[in-house]
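Report on the structure given below.
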Amino acid sequence: MTAEQLERLLRDVRAGRLSIADAVERLRALPFEDLGFAKVDTHRALRTGFPEVIYCQGKTPEQIVEIARRIRARHHVTLATRCSAEAYEAAKQSFDDVAWHETPRIMVIGKPRRAPQRSRPVAVVTAGTADLPVAEEAAVTAETMGSRVERIYDVGVAGLHRLLGHRVKLQRARAIIVVAGMEGALASVVGGLVSAPVVAVPTSVGYGASFEGLSALLTMLNSCAAGVVVVNIDNGFGAGYFAALLVRGQRKR
Amino acid sequence: MTAEQLERLLRDVRAGRLSIADAVERLRALPFEDLGFAKVDTHRALRTGFPEVIYCQGKTPEQIVEIARRIRARHHVTLATRCSAEAYEAAKQSFDDVAWHETPRIMVIGKPRRAPQRSRPVAVVTAGTADLPVAEEAAVTAETMGSRVERIYDVGVAGLHRLLGHRVKLQRARAIIVVAGMEGALASVVGGLVSAPVVAVPTSVGYGASFEGLSALLTMLNSCAAGVVVVNIDNGFGAGYFAALLVRGQRKR
Amino acid sequence: MTAEQLERLLRDVRAGRLSIADAVERLRALPFEDLGFAKVDTHRALRTGFPEVIYCQGKTPEQIVEIARRIRARHHVTLATRCSAEAYEAAKQSFDDVAWHETPRIMVIGKPRRAPQRSRPVAVVTAGTADLPVAEEAAVTAETMGSRVERIYDVGVAGLHRLLGHRVKLQRARAIIVVAGMEGALASVVGGLVSAPVVAVPTSVGYGASFEGLSALLTMLNSCAAGVVVVNIDNGFGAGYFAALLVRGQRKR
Amino acid sequence: MTAEQLERLLRDVRAGRLSIADAVERLRALPFEDLGFAKVDTHRALRTGFPEVIYCQGKTPEQIVEIARRIRARHHVTLATRCSAEAYEAAKQSFDDVAWHETPRIMVIGKPRRAPQRSRPVAVVTAGTADLPVAEEAAVTAETMGSRVERIYDVGVAGLHRLLGHRVKLQRARAIIVVAGMEGALASVVGGLVSAPVVAVPTSVGYGASFEGLSALLTMLNSCAAGVVVVNIDNGFGAGYFAALLVRGQRKR
Amino acid sequence: MTAEQLERLLRDVRAGRLSIADAVERLRALPFEDLGFAKVDTHRALRTGFPEVIYCQGKTPEQIVEIARRIRARHHVTLATRCSAEAYEAAKQSFDDVAWHETPRIMVIGKPRRAPQRSRPVAVVTAGTADLPVAEEAAVTAETMGSRVERIYDVGVAGLHRLLGHRVKLQRARAIIVVAGMEGALASVVGGLVSAPVVAVPTSVGYGASFEGLSALLTMLNSCAAGVVVVNIDNGFGAGYFAALLVRGQRKR
Amino acid sequence: MTAEQLERLLRDVRAGRLSIADAVERLRALPFEDLGFAKVDTHRALRTGFPEVIYCQGKTPEQIVEIARRIRARHHVTLATRCSAEAYEAAKQSFDDVAWHETPRIMVIGKPRRAPQRSRPVAVVTAGTADLPVAEEAAVTAETMGSRVERIYDVGVAGLHRLLGHRVKLQRARAIIVVAGMEGALASVVGGLVSAPVVAVPTSVGYGASFEGLSALLTMLNSCAAGVVVVNIDNGFGAGYFAALLVRGQRKR
Amino acid sequence: MTAEQLERLLRDVRAGRLSIADAVERLRALPFEDLGFAKVDTHRALRTGFPEVIYCQGKTPEQIVEIARRIRARHHVTLATRCSAEAYEAAKQSFDDVAWHETPRIMVIGKPRRAPQRSRPVAVVTAGTADLPVAEEAAVTAETMGSRVERIYDVGVAGLHRLLGHRVKLQRARAIIVVAGMEGALASVVGGLVSAPVVAVPTSVGYGASFEGLSALLTMLNSCAAGVVVVNIDNGFGAGYFAALLVRGQRKR
Amino acid sequence: MTAEQLERLLRDVRAGRLSIADAVERLRALPFEDLGFAKVDTHRALRTGFPEVIYCQGKTPEQIVEIARRIRARHHVTLATRCSAEAYEAAKQSFDDVAWHETPRIMVIGKPRRAPQRSRPVAVVTAGTADLPVAEEAAVTAETMGSRVERIYDVGVAGLHRLLGHRVKLQRARAIIVVAGMEGALASVVGGLVSAPVVAVPTSVGYGASFEGLSALLTMLNSCAAGVVVVNIDNGFGAGYFAALLVRGQRKR
């Protein structure tokens, strides 16, 4: 509820257009609908600028479709992450405009706003081929949120020239998402090369003492390059979402 | 070295204005000066957009002053973090325009660019009073880098109304730095309230099973609110630097 | 054995109604029956106020039924947690009054005492939909132990207004069980809103650096809100049991 | 703000006794005072039932006295934990009724309500002599909050008969706080003996693989006895506060 | 090689019965046979007093049978732990006197020496039913090594009287093996009750913060009762073997 | 209380020599004295075979002397570990027969029983010079408890021949205590060489990834040699005490 | 690009044989080919001395074959680790000279250079039979890279004489790879016996507190023997590769 | 004892020049001297190729001097690491040719062999200035052991061009020691650039989630570049010693 809405309500009270009991009720009422198994947060777009995202893990296809329906009733686009093929099949029955991204297992319902052609892109960079699913989760999320994305894959530090060959593209980016497992050194190296903010995503790719991504996570948190921040292990969605927030801000003013 | 400089060099070679041996030399030479104990990275400003920052821990006052002198020779402002009072006293002998921030132990040499009056600020939010030194490290860093900063301190989730009382200010911010120790829940709560990107800084404030900041770090990495990224424990500088990068981008276009 | 029983026994010795050998025997005998594979603790109800609960993991349906039979011989109600559908099917052959709760996988044999209609309830609060099985384990346990339960589900801190909309219900509760995974911040926020004691249950819901519930566990242990205690990861039973003990005390005096 | 206050405010608006602008302001204003370095949460007593407690670590004596003054202005009693002797000396200059507990380093300003003579007590039990400071922090906190406390110290499981000798006292307690370091087994043993809820406090007492209290913490979280909850390592205050909440509830109805 | 054998060899050299080259060879030759995939340590019985034990995990039934054959060629009894039913079936083809213990998955080939009837036994004590496989691994190992074993199962500290009912048996034991998962408090309680040495075996039984046995392991290492030592998680074999060494010593003198 | 004492008591009740009230009282009374700050466990010698040991850390010299006095009133020898020079000075004022071991910081009050001349000794073996204080804590404890001790110091595996040179002594020992920090490999090597039971003591000697003894602790718990058990990091006392229990048993039969 | 190539390029520019635009382009071009899903690093052999190795985990047989084809186009031998039988079957269709090593799951395409007959070998030593797959990964890697390999398997420290029997072979080796799980003590013992550099490979063989290889890893990092270095858990490839680099260096001069 | 010595001994036995008793004695005697507090391993040079190194931590100056004296009696050079200034002062009284390296706190007694002028050097590379003491420990150790050392300091990945500027020097090295704290990414980057074997040394330089070097350690263990091995945190000595072994081998053949 904005200050303006509050003011209007109070004016209605003063004018007698609204009973005091109703006003108390409305001031307390908070804007969500109750489906029984999940509360849909329909005002989140107003509050945070994007529609609610459905994290599908642990939800049945029916639940996912039902939640999606409520969100779609008010929004032009809905994003469902960690989504199974079954849920996608179920959604196709209910929605006309549903798209499926297999590598990152993301379903998009509705038509995302297209990014302005000449806007500075978000670069998504990976160390190895095995980091692709996480990288694509980041890339598709950012695109769905309206950002332009430039993919630069398989440029890990073991062959530094592969990365240096993309230096110009990196310099052009408005923000860079670095996705790396094993020792995760790529984030520091990219952070030292560019002036754009870097969002680092540790992945659980690796073996032995990588401890399911802990190694890359610690590497990235301790990066000697300033301008590097970190999200949770394998959290491509979080990185893509953050980058989209960051980029959007740039167009606003 | 930019593409233009490279082109010019090659033209000079063709024109015979530059010998091949000299050209080889110059193509290999990389732009840093060698002080013996530390290599000053004078081109960093070109490459990342900001002057090099001096991390003072483990350096003598004399070393700090000497490094600062080299940086100042080319830049209008230099930042020294984790800086002792002794180093500040030493610097005062050498520089006219040195300022000292006691709480975050930051020294600034030179005059930082002032932030545009009406630009959207970076909000720096803390959970408790003990988080202040880290918060101020973030705030002063961002200000020195040219951002406007809004401080909102001591609004931890144990008294939620204190935070909610600042909701408007939070909504106005271009980016929000949340500084919290103990369980670090503030980052998630702020992340759910606003549409701005949130940079979370776990602090080592706490006792027992806070394990020197590990608890807050894990909390923030696992935040259920999208749009939250994390820096190292107590790394106020890193958060301030990142926020300044983020904000600056906004003005560029 | 109470002081009164002891006194009576000694009187019988003095009166010659009980031989010394028998008295030695009875003083040493401790009240449990031996099934070979498990010792049933039939006096536990006297000692701790509730019948023994069967933790089914790692026990065969036959063993579960046999243990239940012994307990039922002396008690009006028996609770079996982490119970498989097979064990339930087996129990239905042996008992008339067996009920099955699918989500938390709890079997109840016998008729639990109904909670007094107007007693202050135990509120069970969850952050997300995935926390439901643990929450229901807590809720059904508390109900079986004679507490009234109020369920408030899916009110995580990413959408704070969802929680605030239930503030009145929370204030009314005699005790609150907060069930949350990921970063577990909900416990601190609830703890700051209410005057009732809060029992926090970290769940293993999450990914990456949630480390199977470690993140939420540390968050809850470090809660900046006073009045919050913690049980083991996913231990809904423990929280429900504790809350029932807490509530029951209130009626006693 | 209660529903009644809200109603009254709206009535004033309708009656024209309050301007709309002022009403908006008051609806937004949240009840705290700003001291610059810390926000005093004067309404906490209404919200959680107890005055705010001052956690002294990292605050100067002057700050502590100033915060205490604000709290005392509205409350009859204030508690300051982890308080230095210096802060106590400073407080003696400003308050007449300040008391000092040396072992737990707690300062109490004002006169705590006395516990009803015949109410069931909170038992505070320790494994060893070294656990005393934490145990006293729990005991004094609970007493200041109005609970009767029974101390049972140095009854660790290495000499089980010492504990069994206190069985009657334990059975009488309304709640039991178990304070133990090293392997922390006492919590499970007490939990199996009694029907009262048990709040376990792991302490950092121990050496080697006790890892500063981690061993006792894990022991207590994994207690095989139902009815045991846990607070942070060395958090005597948290246990005492929780026990007081639990006991008070019993008197309310 | 014993001193006597060495002396004899040297005498043979002096007497010319043994060439120098052969003597060098024999002094270097160490007593093991090479099967290609594993070196059988046939002298271990002389060196450590017991035949080599086959740890079956990761070996094929054929390999196990082959190794067993070599050991049996020189020893009256062979023990195979973590042994699959398949390996047992294969062994039955090759040996007449093979026995199979299903719960601990141990195979014994040959006839173990029987323990002297009136020797003081090794007591094997468990906290719960789920600890049985580990306990039986300990018990069968000790029995095969020639110890008398007394089993006392399911006497965890949540019902202390169950344990106290066995106090006499415990006092009689020459050594006690305590097998417990979850919080593992049983080892400390037993250690405080008896004068016999206690070998504690943490098990991976538990959930949540038991972290696959880490909780019980730390508990046992930090036991406040003197006279308690610890083996690896789930290492029933190690405890039984150690206890047998301990007991055997007693008969030697 | 033994069965005989219990019988006698009951006979006195029957004979009217003891009132029922007194009998109830005596059956409940447990044999410890209360000093206020610590409960002395004077019956422990009966129960576990050795007098109570005073763990001095965190106790004042006065407390130590007072506890020692109570123990000495009933026992011929008392042991105080982790004892400061100050406590020793204080004890000298009160006792005639007090001895001080500087390296392990142990104080012995009274005259320990001397070990039988020809009994098989406990060997105490260390990897390096820095392990000496822990080793001496083990050795002096075992000697005070009546064991003969053989010291074999500085024979770490980096120079294996040093250890092999002592093979005969090792073979002769009734039990072996291996004290080692860093990687702690010595325990496995000794365990493979001998038939005596091995008690391994990890020490906190080391640096970097030894993590204060964690490395040696894990090494010893995972020993590939059977017959090795482990005590807490730096717990020389625990190892010496256990070895003495083990050896004593041997003489009993 | 070597200095000579650079010089030639500049001469071409001066001579007008190369346009400036083309020169800029060539100076920037970095030598890799782009397959879309992976960047083949064809110059790695020049840079590091060996062809790129294909880490097969997470790649499809088709991708593996395609990458191998590109590498083979320029190199005489290619190595594929963690390779499935399916990928091998696929490769057989495309290459004539493909070999398959089942135990370490390595595929070799092309003919490795044979090691000089009398060169000092790399010894590969294992503690137990279960360490074989990792050991063979090391051995086959080193052989493919041109080293002579000597295998010494199943010589763990529990039977020290097995190792000592191979002392001469160990002394002859140019480098030694020690592969061990459980407590990993073998690395220290070998390190103390020989003068050759030792590369230690911890394996995940073990149970309980071996924590998937962590125990052996810490042991090896803390080795008291100088001259021991460590690679990641189960990283046989890394050890073999490093040993080959080390040995090759020896022939170069 | 070599095979030749053994042969000679046996010949003496045959010839009657040596009694059997003496031969037994000599065959058992192992070559070390006993100083009481430490066993000097005077044959280590024969066995491992270098004199024993004195690790000074925890030894008194007198002990250090005494040990050094024994080693010097047989060797031309002795190395003492982690050596205090006091020990150096004490050593100056006893030895003429003692040198002191302040940064790494190493004392060298005697004249190290000089490295051949044109041998390929060991390069020692650091990420930052704070890594110097560890790097110098590596460098001085390698030099004392007879290697030529090339120092390349302060070339961390945050300014990649600083490192690339030294590419030629790196390519020339026979082995490279990379010393880095914080995230330790430098090891991977160097490993990808060169063909020489890389020994990585994690340092405890860093803060927050660097956890005293754990972050850099994990990074280096998980390096995506082949040819990288790791030593313990801050273990400059270990790296230098290993590199010297590696280089020496190269000259041998």
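Per-chain numbering from 1; labels A, B, C, D, E, F, G and H assigned in written order.
The working rule: a residue touches a chain if its C-beta (ideal position, glycine included) is under 8 Å from a C-beta of that chain, and two chains touch if they have at least 3 such contacts.
What you see is a predicted model; the values in this text were computed from it and never measured.
Novice: Would you mind checking which chain's C-alpha centre is most distant from the centre of subunit E?
Specialist: In terms of C-alpha centroids, the chain at the greatest distance from subunit E is B.
Novice: By the contact definition above, name the pair with the higher C-beta contact count: A-D or F-G.
Specialist: F-G
Novice: Mind checking the centre-to-centre distance between subunit B and subunit G? Centres are C-alpha means, answer in whole Å.
Specialist: Roughly 41 Å separates the two chain centres.
Novice: Please report how many Å separate the Cα centroid of subunit B from that of subunit C, as a whole number.
Specialist: 50
Novice: Taking each chain's centre as its mean C-alpha position, how far apart are subunit A and subunit B in Å?
Specialist: Those two chain centres are 25 Å apart.
Novice: Distance from the CA centroid of subunit C to that of subunit H, rounded to the nearest Å?
Specialist: One centre to the other, that is 60 Å.
Novice: Multi-chain contacts in subunit A: which residues touch at least two other chains?
Specialist: Residues 3, 28, 158-159, 192-193, 208-210, 214, 217, 221-222, 226, 232-233.
Novice: Chain pairs in touch?
Specialist: A-B, A-C, A-D, A-G, A-H, B-C, B-D, B-G, B-H, C-D, C-E, C-F, D-E, D-F, E-F, E-G, E-H, F-G, F-H, G-H
Novice: With touch defined as at the start, can you tell me which subunit B residues reach subunit C in the complex?
Specialist: 127-128, 156-160, 182-185, 188-189, 191-193, 206, 208-211, 214-216, 218-226
Novice: Show me the residue ranges of subunit G that touch subunit H in the complex, using the header's touch definition.
Specialist: 47-50, 53, 120, 174-175, 192-197, 199, 217, 221-222, 226-233, 237-239, 241-242, 245-246, 249-253
Novice: Quick one: which bits of subunit E touch subunit H in the complex? Just the residue numbers, please.
Specialist: Residue list for subunit E touching subunit H: 3, 6-7, 10-11, 13-14, 16, 20, 23-24, 27.
Novice: Spell out the residues on subunit B that touch subunit D in their complex, using ranges where they run on.
Specialist: 129-130, 132, 153-155, 158-159, 161-162, 164-165, 168, 205, 207-210
Novice: For the complex, give me every residue of subunit F touching subunit D.
Specialist: Interface residues on the subunit F side: 28-32, 37-39, 41, 43-44, 57-59, 63, 202, 204, 213-214, 217, 232-235.
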